[in-house]
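Chain lettering (A, B, C and D) follows the sequence in which the chains are written, and residue indices restart at 1 in each chain.
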Amino acid sequence: MTTFADERERLLYQALRIRRVEEHIARIYPSDCIQSPVHLSLGQEAVAVGACAPLRAGDRVFGTYRSHAFYLACGGSLREMMAELFGKATGCAGGKAGSMHLTAPEVGFMGSSAVVASTIPNAVGAALAAQRLGTGAITLAVFGDGATEEGVYHESLNFAALHRLPVLFLCENNGLAVHSHRASRQSYDLMHHARGFGITAEHCASGFDPMAVRALVEMAAQALRAGAGPRFIECATYRYAEHVGIGDDHDVGYRSPADCAAWRAHDPLILEAARLERFEAAIAAEIADAVTFAAASPWPEPDALLRDVA
Amino acid sequence: MTTFADERERLLYQALRIRRVEEHIARIYPSDCIQSPVHLSLGQEAVAVGACAPLRAGDRVFGTYRSHAFYLACGGSLREMMAELFGKATGCAGGKAGSMHLTAPEVGFMGSSAVVASTIPNAVGAALAAQRLGTGAITLAVFGDGATEEGVYHESLNFAALHRLPVLFLCENNGLAVHSHRASRQSYDLMHHARGFGITAEHCASGFDPMAVRALVEMAAQALRAGAGPRFIECATYRYAEHVGIGDDHDVGYRSPADCAAWRAHDPLILEAARLERFEAAIAAEIADAVTFAAASPWPEPDALLRDVA
Amino acid sequence: MGLAYRIEESATLVTYRDALWRTMHDALARDPSVIVMGQGVDDHKGIFGSTTGLATTFGATRVFDVPLAEDGMTGVALGAALGGLYPIQTHIRCDFALLAVNQLVNMVAKYRYMFGGRFRVPMLVRTVIGRSWGQGAQHSQSPQALFAHVPGLVVVLPSAADSITATYDALIGEKQVPVISFEHRLLYDVAFRAPASAPEWPLAPLGSILRRRGRDVTVVATSILVLEALRAAEHLARTAGIEVEVIDLHCASHPDREMILGSVARTGRLIVADTSWCAYGVAAEICRLVCEHDPSALRAPVTTIGMAPAPCPTAKTLEDLFYPSLRRLSDEIAALARGTRQHGIELPAEASMADVYKKFKGPF
Amino acid sequence: MGLAYRIEESATLVTYRDALWRTMHDALARDPSVIVMGQGVDDHKGIFGSTTGLATTFGATRVFDVPLAEDGMTGVALGAALGGLYPIQTHIRCDFALLAVNQLVNMVAKYRYMFGGRFRVPMLVRTVIGRSWGQGAQHSQSPQALFAHVPGLVVVLPSAADSITATYDALIGEKQVPVISFEHRLLYDVAFRAPASAPEWPLAPLGSILRRRGRDVTVVATSILVLEALRAAEHLARTAGIEVEVIDLHCASHPDREMILGSVARTGRLIVADTSWCAYGVAAEICRLVCEHDPSALRAPVTTIGMAPAPCPTAKTLEDLFYPSLRRLSDEIAALARGTRQHGIELPAEASMADVYKKFKGPF
């Protein structure tokens, strides 16, 4: 077992692990061993590890197509994730999900959808179940800034607030939906909008800092467990890679390399690289193991095609 | 031509006319000459006549299944409306629309939908067309309080605000969706919510007063024509009849007769009955004429069944 | 087999509405994880009487009104199902389920498969087909084909009290699959002879149901058209000795192929009568089953009966042309059985279907 | 007739993408009321290259990005159409059109009829069928049947550059009907031999298209499966002398009955190959047309080919089983033509369709 000086180091380690996993995915992607689109969270890892840290057994998380980070932060198996990306029978969904539909219900990661905003009401529903069944569990709805434009977001906030459901709406605001900036898509302020439903909203400007995210989520989780009704947290963050795929697209004109540089200047995984160096070898070994596992795993049997339909 | 002492009297006359039309509909409804559900605006007439008063030729209105009042306030033909309710070929839609889908494009009444909130984005689109084509026209999106719960409302406000479209969102807030009170459906304040999109919002507490509604809409219309972006007006109002149908349902428990009495105590059509008496005969004659017209009109020919499909 | 229908009033009969209310009540009573959610489920009208009083009996946390937000509420139901509840969601018109197609098709239908079988989605979406009178284009549709096209959903159209009881009870008990049901508004007031005991329900809750045996013509029908087919069959048996076999499709997503193909093999003559449009609908699907199996079984072209290929108009005169009728059905069966449109068989005199079934009067 | 396909690279050929870009460009240039709206239409990728640069040429008021709000934006497009614009709306995956089913089915399809013909709804919704690789359950659907079931919508599936040009140009010119189009992602890079002149397009823009004449088997195909059918036909003609007639359905809502029924009457053997599920899909609908007309024309059961009855899995091995393939199509045609599965005809060796068509590599 890896040991950590403190909680911050533990979270940085987790973030680093996610980054290295995704960097490795990018590295092997050209070989076509992963035959599925990948939406990388490079730059956004701290949000996931900070947000999942305060969760307990029984709590649930619903994610998006960009969920490598949350899947791993929840404790999803790296081997099963890699095997899933490879389309193998040993994948977390037996090779039917690919990168966009990761799931690990055994650790509360309930699934992720490639249709933007679609899991938000699902998270609200899971919170309804928890409330009605009195489990004491809370649910995290994770989504991007673009997702808030969908009507179902409005419907979800309203219902959650009406029933004071234990759901935390967590927005990863990277300022972009594919190549569109928020200003060309949104006429509202995210926090002000959420507050309009009577939902307490907080902003985390330093989404690069897992401890900052953790602190806000911890507070919110306490309120949720106390039955105080839904919460909203907006985390500023930054996506280093292109929207989908492994490239860097700072040269195509829709965003500037300067913005990227500014974010990197805050990024603890870069700034504290020396201190984190001691974890690198173990992480690399773990990744190598997962890739080996995935590569060596069998393809799904043909009869899986019609299994679990209805 | 009827002449009026002033604009207020003109509007009261219009409201009275609408009321008498709907009362007549209620009277003849049991005979089954109208074979279509009717959602009466009894009690809500002042909103329609006040809101339509400042409109000009070329402006457009999109309504709901509860649109007798707006159809008539826009200047839609009473004969064609009655014939439409009777399912006759001379109806405003040739007998294909019934009460829920009234239309009179010749006076800017663009249509009405039985699917709650569905015409709201249509109104925004018509405003987009007016803006892009530079017609100077404005568009009214009319909807009830319940409609604001639908996701498409959120999407419509956002898009209209983003593009500063000349659309007025006009909410007839009767506090009810069928038998549900707002508190059991909405966690937000309507005006505060609209303002969250940067939309100027006004409230009209005296929705029984056509001049009050008129004044707010007039102001909003000026701003819209000046290109100041969309506006929102919430008009408090009260529905006297049951949600659908001709009955009064104050006895079934979901609302109290006292509320109704309170509203009636403000209703100028009741308070000023004596003064408005002089219009009654002409209105009655006009209604009788429309009913005669409708009754005497032919049914649609069978070949209308497959006409105008696509 | 041949569970009989009676359109009459009697205390010993069970109405469609009563069957609905009973299944809702019993599910709530039996299983604490069951919730009923929908616009107006807790009001005095209670979804045409099918949920009346249940909020009082079982409490507002289990039977509750929802905002106007069909897509969101379907997503909530799915999430609740994943979280351990059994949600029953209602739409007072099935047309409103069209606002929830994203959740139903992209999420509910796929949640189990897409995640490699790691989840189950036990839920029931109850929707009402809106024919009564003057409902118009948006309150009259019957979109079973849209949902049955998509693997992962179970699509049922109960035609009678017995099919509601058997299907809903079994499904809500089993809790494994997402079901969307299309209940017909005009059936709510119809009283059906109750099966004397449970074992009289002879079939799997998701199969098709052989409602009447006959050697001359096979009619595969859905929803209220099952009743119309049975009425036509009785008329034609009585007046012309034509024996019609009536198959109640019941489960549009999982039709009983053997039953249908076996019947067509025997009669050689097929009519499909569905509550929706024929194109890409039940009519098309049944033709596919026959064509893939053995089209030579058909001794004549198939007759398909459904809504006219247009949106629904409101005028009564057009509406009566728009919807299939007993008269039209009888005429088509007679023509197919006799091999000529000049069959000379007297047709049942009838007013429109709405008049026949509508005990209620007035708006909805 | 028989406009030939070539899957090759050459400057004299027209790609599907180029045809799309050209129709978009020309529509904007020709008619100031045309607008193009959709997520990403103005970005550097421009809907897989079909709108690239148009925002610069025609300005941001005519070609613009929209928020993520499919239902709302469809409603906006409808309103804009009523207000005098001709909106072209894009969805980079047709699966996202499922969020707009309310506007498309309840409003767009009905606006003209429901108001007695007092409005027209001139608009085009362009959507992309998402097969490439590992797209999974929600980026791989092909819901033409859902929309073709509903009267009032025109549903097209262009299989080639010529069908895009003819259809889009004519529709955007005529401006009368709401159209939803399903473009296939894998076709974007395919180059088609351009018709030498306009008159070579022999058919109504909404008809079906006879792509190849043949006496032995009729294949009715949609979208990319038209190309697969043509490849299979060439292979079988060359290796076994089997002559396949290939009908490009093109317009799912308005199939050319005469063409299809005439062909089946001649060949007596029918295969339907569609990009979606067979149940309640194109396969079913074509069977309906035949069954209603003259099932005795069929000398053998119909073969239907489509997606496996499941959501789409991502693993390549499963995906290749999930989608119809050239090999499977060839095998089925051969079996039908020879009347036995042991037809002994050599099948084309092939990698999966994605490999064949995919010049692009990587994510989408």
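Assume a contact is a pair of C-beta atoms (placed from the backbone, for glycine too) under 8 Å apart; a residue touches a chain by one contact, two chains touch by 3 or more.
Predicted, not measured: the structure shown is a model, and the values here were computed from it.
Chains making contact with subunit A as well as with subunit B: C, D.
Annotation: 32 Å between the Cα-based centres of subunit C and subunit D. For the pair subunit B and subunit C, the distance between mean C-alpha positions equals 35 Å. Computed from the mean C-alpha positions, the centre of subunit A lies at a distance of 42 Å from the centre of subunit C. For subunit B, the set of residues that touch two or more other chains comprises 91, 95-97, 101, 113, 115, 149-152, 154-155, 158, 162, 184-186, 309. Shown for subunit D are the residues in touch with two or more other chains, namely 66-67, 69, 71-72, 95, 99, 102, 106, 109, 113-114, 136-138, 151-152, 253, 309-311, 313.
If the chains shown are joined wherever they touch, the resulting network links each chain directly to all the rest. Those residues of subunit C that touch subunit D in the complex are listed here as 71, 95, 98-99, 101-102, 105-106, 109-110, 113-114, 136-138, 141, 143, 145-146, 148-152, 253, 270, 276-285, 287-288, 290-296, 298, 301-304, 309-311, 313.
Within the complex, the subunit B residues that touch subunit D are 60, 62, 91-97, 101, 103, 105, 110-111, 113, 115, 118-130, 132-133, 139, 151-152, 154-156, 158-159, 162, 307-310. Interface residues of subunit C, counted against subunit B in their complex, comprise 39-40, 43-45, 65-72, 95-96, 99, 133-139, 308-311, 313-318, 321-322, 361-364.
Taken together, the subunit B residues at the contact with subunit C in this complex read 29-30, 32, 34-38, 87-88, 91, 95-101, 113-117, 146-147, 149-151, 177-180, 184-186, 244-246, 252-254, 299-300, 302, 304-306, 309. Contact residues on subunit D toward subunit B in their complex (touch as defined above): 33, 35, 61-62, 66-67, 69, 71-85, 87, 102-103, 106-107, 109, 111-119, 151-154, 177-178, 253.
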